[in-house]
Amino acid sequence: MSPDFQAVLDDIATTLQPECGMAGQVASYIPALARVPAAQFGIALRTCKGEEALAGDATTPFSIQSISKLFTLTLAMRRMGEDLWDRIGREPSGNPFNSLVQLENEQGKPRNPFINAGAIAVADRLVSLGNARADVLAFLSDLAGELVDFDEEVAASEAETGFRNVALANFMKSFGKIDNAVAEVLDLYFHQCAVRMNCVQLARAAGFLSRDGAHPVHRRKQVTTERQARRINALMLTCGTYDAAGDVAFSIGLPCKSGVGGGIVAVVPDHLTLCVWSPALDATGNSLLGLKALELFVAKTGLSVF
Amino acid sequence: MSPDFQAVLDDIATTLQPECGMAGQVASYIPALARVPAAQFGIALRTCKGEEALAGDATTPFSIQSISKLFTLTLAMRRMGEDLWDRIGREPSGNPFNSLVQLENEQGKPRNPFINAGAIAVADRLVSLGNARADVLAFLSDLAGELVDFDEEVAASEAETGFRNVALANFMKSFGKIDNAVAEVLDLYFHQCAVRMNCVQLARAAGFLSRDGAHPVHRRKQVTTERQARRINALMLTCGTYDAAGDVAFSIGLPCKSGVGGGIVAVVPDHLTLCVWSPALDATGNSLLGLKALELFVAKTGLSVF
Amino acid sequence: MSPDFQAVLDDIATTLQPECGMAGQVASYIPALARVPAAQFGIALRTCKGEEALAGDATTPFSIQSISKLFTLTLAMRRMGEDLWDRIGREPSGNPFNSLVQLENEQGKPRNPFINAGAIAVADRLVSLGNARADVLAFLSDLAGELVDFDEEVAASEAETGFRNVALANFMKSFGKIDNAVAEVLDLYFHQCAVRMNCVQLARAAGFLSRDGAHPVHRRKQVTTERQARRINALMLTCGTYDAAGDVAFSIGLPCKSGVGGGIVAVVPDHLTLCVWSPALDATGNSLLGLKALELFVAKTGLSVF
Amino acid sequence: MSPDFQAVLDDIATTLQPECGMAGQVASYIPALARVPAAQFGIALRTCKGEEALAGDATTPFSIQSISKLFTLTLAMRRMGEDLWDRIGREPSGNPFNSLVQLENEQGKPRNPFINAGAIAVADRLVSLGNARADVLAFLSDLAGELVDFDEEVAASEAETGFRNVALANFMKSFGKIDNAVAEVLDLYFHQCAVRMNCVQLARAAGFLSRDGAHPVHRRKQVTTERQARRINALMLTCGTYDAAGDVAFSIGLPCKSGVGGGIVAVVPDHLTLCVWSPALDATGNSLLGLKALELFVAKTGLSVF
């Protein structure tokens, strides 16, 4: 018998309420993120059977940022299959998400698709396939069951200040690992990071990861094969939370993908997909209350992959 | 209904038979390992309910090497609890298992307990607790249900040629991260690597990891808490197979710990623990046929944490 | 009594003639450099007293490339004095000239003004001072006593393919170490590298370095202070020949600055300035015959700073 | 006409007197160094013609530490010639003197003979030649014109606490770059660092470096060839003062070799050799007043290689 998930989420929201906005730092590198009020918390889940539960600010949209890497990776895997991995590795990086050191040691091949360099390499693949910005939006909207859109202010700010990402893309290009013009690739990358979604939409959109690749709503449709869904979960577990992935696996034990907007998507294979959001980040760039909520969730439900 | 595991193992052994000894390289840095015939393959498992299955050379003893790190970590976690993590991280390293670079950047604190530096730091903790060599043997013998012992020739060879490990230990000591005399710590480390066990014994000994920490034989006895067992599984998944951990998670999706003797222990939480052995290694230092056998096992049974 | 320099240069040219174009590789990363015939060799010197000697292709213009770093550094030191060193170090790098690793470790501050990152940081300083492209040309023309100009084809090719330099500049900018727009800074950088000069002009232009900073032609005019001239010589000796600087100091013992166009400027303080050119490079990116010519020169004249 | 060196040294000593012991830190990693009173300053020089001048505590013996690397290198060059360079590079390291990172990248070959790893590799070469400890003492005593000896307390302390050096030696041995037993090599290394000499003795002992290799006292005897003397000077300039070598070349412009005992030997080729000593070190591990004294010396005399 499955737990009463609505009660679990309510309980988590109540427990964390006093800490909300009290610690951590909202991402401040662009104004549109810096002015998001810290004292917000939302959580939502969708089970494999389609039940949904939510609590707190679960319908407030936020900037999904690096969570977008999960969906662009999925798109690229659908389109390209195994060829994708010629350009991108599958190993944890052991370095900050925007580090150039490892890229230099490994001749411009990013360690995995969730560090910035890897996601930029994925974006390059999607640009080669054509119509990439529209495709990403259509894909996310279909999965979420609602239209989603870019926040153009955020995209413009990222483009204005994203010198490190410009460096990463040019560095990979200097190794012949980016095919398209850097400006076009980064236009997609900055836009995908600037998608606005809420917890309910993200829990639904990533639902295929707990359903062996089956579409969150249309069970007959496969978003990915079962094997691909498992593999994406594996990448999330080993590489999905920046340089804290090992610690998150250790203390939470679920495949997760986080973003500096404060969102975290987590998967319990064969059970449910979860999204939690709270804008204040810890030192590793992951949502402080988001991680706490996931720890509570695992403790209360006993759900974990291990 | 659980699959017919004996049939699955027989099938795997038969499938891999033609490849046995045809590719990969037996570890050659010490004579006692170099002379092990490559063309051997064994596999064994034990379910949570105590059923056992085995195939091939599953009762031939081999040098467990880095698989020992799994058990010394468990011992240290039992004895020290959370204090252990003051000295050792829990993140994948992104560098070769015996690299000194990351140690230097991180002031002598190893990234995780499964790289050599981390295992040496664990050994130092055990030496501080006293009677370490005997304790390790007693712990392994109790878990395996049979007496196990050191291969003194291997231990002596490791000690004679282990300059890199001497370097790692002294380097950590220079940062104040090793309390005991380096010679004493390495004596334990070289001995733990030199334990001889077979697949059946290892599948049994690591059984607590698929049983929420319960003793493989005496269900009333807890080897670790449930939480600790989960955490060890998480470490195995993210860090257990050297610099191939991401790839192993991606393609196999089970917590694994490998050794250069050619053994790999794998865990399917709540189902079973598995040990496969074949001496020829791939370029990442993991057993070539061992990894193939695990891929086949996952494909045939559908068991995977994701 | 000073040696008969004309005879020395003739002798060097004759000695090296059989090797000319037989080994090494012409820089091939842009077409305009790749099509330069390898079998060319020129050498020229100018003593502190104004005597000149030349041999071989000493009046054939070539792309000065990184030799330009010597003159932009001099310009920046003239204009900014000690403030320049807030942004740029003075230590050898121990890494390839276009490496990003050290930049990351040292928060975007280049190790010295002769690695690419350092020269780009110098270019940024000159852009801030205004009118930089014209200033560089005017400065070089005044020192050489003849009008010199950019090779616009080379500058355009550098800009089209210089992804690594775009990466370096954006990387520094991400650390707040570049004030101006990256495009503007790199426009200067790519142009300064594309200046065309010949050996005679360069020996004259760098003459102030052997004359305690005095202008090569107008002795009353100081290009730099005596102290600054000494300091530039010191930087050339420790950092002027990419990652071969230690070896060049060891085997030649003169301050040198080389470029991938095949030119090398060398200084014998209080005696003379020398320029040698041959397009084929050794593995370290320095002119193969250029270094041999300098070794011969030192052996024949006994001139060395040590 | 040469300056009145005695007056110059007196002047320097007087100028620095008020700062003596006021800033910097005496090396504290072993008790025998930690208890040396900071407020000491000595300076001595010997010209090529044999004139000597001294001021302050120039006859107080101190621990020569890394200055010994200069003399063991000289001994090894005398004995082995060019073969020495198969095991040791000649490039500045761009990393701290006891770093392991570069060693790992470069397969155990130290960048130069003045970082610890390089000096240990030199010690290994001398051990292979036999009778090394006695040879080093005899060589130094002959050059200094007086018997010099090891400080056994210092040597013993270095051995007890030198874990980093043990790590370096074992690390190189793991790459096959050390032939002898690590313990024997380090016994020599720790002893050479523990030699006690004073400024007068060191200025005399290093005199061959300003005399084209000629023995400081017996002009007919060559300590090294002229070419070797020049090369050692080049190495001192590019690598002799730890990670400050570029800065020292820039601001002082003389070949120098420093030690954490507070001594610095400096060479003005064809003029004189100088030794300055003051125990308090700056952040780069060089004597704070020692470097200031050398800057003053260069400013007052105009002597510099550039």
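Lettered A, B, C and D in written order, each chain numbered from 1.
The criterion applied here is as follows: contacts are C-beta pairs under 8 Å (C-beta built on N, C-alpha and C of every residue); 3 or more make two chains touch, one makes a residue touch a chain.
The model shown is predicted, which means the values in this text are computed figures rather than measured ones.
In this assembly, the chain whose C-alpha centre lies farthest from chain B is C. Separating the CA-averaged centres of chain B and chain C is a span of 55 Å. Rounded to a whole number, the gap between the C-alpha centres of chain C and chain D is 32 angstrom. Under the touch rule stated earlier, the contacting chain pairs are A-B, A-C, B-D, C-D. Remark: chain A residues 99-101, 103-104, 163-164, 166-171, 173-174, 182 touch chain C in the complex.
On the chain A side of its complex with chain B, the touching residues are 89-95, 102, 111-112, 229-231, 233-235, 237-239, 243-247, 249-251, 253, 255, 269, 304-306.
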